[in-house]
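Shared between the two complexes below is chain A, which pairs with chain B and chain C, respectively.
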Partner chain A sequence: MDVRIINPFLAAAIHVLKTMAEIDAKPGKPFLKKDDIAVGDVSAIIGITGEAKGSMALIFDEPCIMEIASNLMGEVFTTMNNEIRDAVGELTNMICGDARRRLAEEGFVLQAGIPTIVGGKSHTISHVADGPRLAVPFETSQGTFMVEVAFGR
Partner chain B sequence: MAYKNLTVLVVDDFATMRRIVRKILRDLQFQEIIEAENGLEALKMLKSNKVDLVVSDWNMPEMTGLELLKQVRADDQLKHLPFLMVTAEAQKENIVEAVQARVSNYVVKPFTPATLEEKIAKIIPN
Partner chain C sequence: MDVRIINPFLAAAIHVLKTMAEIDAKPGKPFLKKDDIAVGDVSAIIGITGEAKGSMALIFDEPCIMEIASNLMGEVFTTMNNEIRDAVGELTNMICGDARRRLAEEGFVLQAGIPTIVGGKSHTISHVADGPRLAVPFETSQGTFMVEVAFGR
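On to the complex of A and B.
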């Protein structure tokens, strides 16, 4: 997998959170992930097809997604519920869509499916592709989230 | 800008996006905001409600926003209905496809309230 493929997903995460929720997300150092354990409280994964087959996942800790969902919808959320899970799904849609637009500008055309939302401490994320999983941690003022991208070898 | 006598139908399978759009439309003072979770449900609502504007997502189960748009344009009663597509599908081919299906305007996610307001103003002169 060309590691540069992750850059549009990172740019998209920053852009979507800034535009829709007025949140500044600061990226940390990318790393290769070897297991399926999601380090967070709620996640969503979306399948990607087209010129490459793979998936993108977003994994949020609870304080981070509460802040994002509150800003996104203009009301205060303090507990994990279906509205929060729905927000994680929509964020995944938007970030994946924005990343695909950026990749298409470079001639790399991808399509995406409908996200699946998973929750709970130490839940697992199963990427479609058997290739390496690139993960990038992000920090916001209230917490952390992770962007994971995996494409076939 | 106010749209006091108008009813808008918001179509999206994600409640979050319906909520975001509804809040913006409420600020624009639409008289009534009704919602559907997919194209099929939207089509049924269009048959039983007088709607002045559709704001629809593209990717939805049951019936996509593009299919909904095509059905609306093929219906003698609905064919002139202002139809705004709000979607993450921002690739050129998607926009061309929507334009060919006679979408009134197109908003790419992510968007700000000002962008949505501006696009609505272009298709419904106030």
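On to the complex of A and C.
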């Protein structure tokens, strides 16, 4: 599989955070994941099927998700709650949907499941993928998040 | 959506754990989840698409996954490692695949993504689903796990 498949997911993350939450997310250098494991405070995972099967994960540190949720909903959040979890799920649907639209324009059609939200300080996220596992770190003004896309063969 | 859709997932969990790891998993009472959140030490999440879109999560406490991994691989495990994470992913593929086969026999065809593994003591798992969210607790001789299936509309 062409590792450029990750680009639409990155473009989608930047676009959705900018338009929905007025957040400028600065991407770092993409890297191929091997056994390394992402660590975050809030994550969202959504399954992907169609011309490739895999998963997308968004992995946020707490300052980053508080900034995003506060901007998105127009009130200041400082602790995790169900409203933030729902917002993370909606963001995930939007980012995955936007990425799938971009891929469909290139003739690559994917379907998506529904988001599952993970909470818990410093939890780990890893993938059981035979195919490429790609990760891109992002910085916002308050924190960091990671976009990971993993595919089977 | 008919809540009986969860039954093939339960039957698959019991069958796969029995045949692969010689574990007798005793199901408790299924319940409809609302805002409550599952707590576990190791979880696996796999996305579902097709005639319904959703996700399946398996949420283990540490004693339970150590028992399962030890039986499955024929050596005693006492701490989390990549080998156990891979085993959790394989179990998830097997349980989801077995459930999908059972559902397909009834004419209900689903596709599945690839598993994502979550680690971290007492992390939480929740779903952003418009449709039914169903959970069933299981007991093994050493610990407990939960099977959750959530669907969008």
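Here, the second predicted complex is superposed on the first by the 143 of 153 C-alpha atoms of A that agree within 3 Å, B and C clash if a C-alpha of one lies under 4 Å from a C-alpha of the other, contacts with A are read in each partner's own complex, and residues count from 1 in each chain.
FYI, contacts are C-beta pairs under 8 Å (C-beta built on N, C-alpha and C of every residue); 3 or more make two chains touch, one makes a residue touch a chain.
Nothing here was measured: the structure is a model prediction, and the numbers come from that model.
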Partner chain(s) touched by A:G97 [first = chain B, second = chain C, both, neither]: first
First, second, both or neither for A:A25, with chain B first and chain C second: neither
Of chain B and chain C, the chain that contacts the larger number of chain A residues: C
Which superposed partner A:I14 touches (first chain B, second chain C, both, neither): neither
Partner chain(s) touched by A:I5 [first = chain B, second = chain C, both, neither]: neither
Chain B versus chain C as contact partner of A:D86, first or second or both or neither: both
Contacts of A:M66 with chain B and chain C, given as first, second, both or neither: neither
Which of chain B and chain C A:G54 touches, first, second, both or neither: second
Touching partner for A:G152 - first (chain B), second (chain C), both, neither: second
First (chain B), second (chain C), both or neither touched by A:G120: second
Intersection of the chain A residues that touch chain B with those that touch chain C: 86, 89-90, 93, 112, 114
Complex contacts: residues of chain B adjacent to chain A: 13-17, 19-20, 23, 59, 61, 87-93, 108-112
Sites on chain C touched by chain A in the complex: 35, 37, 43, 45-50, 53-55, 57, 82, 85-86, 88-90, 92-93, 111-129, 150-152
Contacting residues of chain A [partner chain B, same complex]: 15-16, 19-20, 69, 72-74, 83, 86-87, 89-90, 93-94, 96-98, 100-101, 104, 109, 112, 114
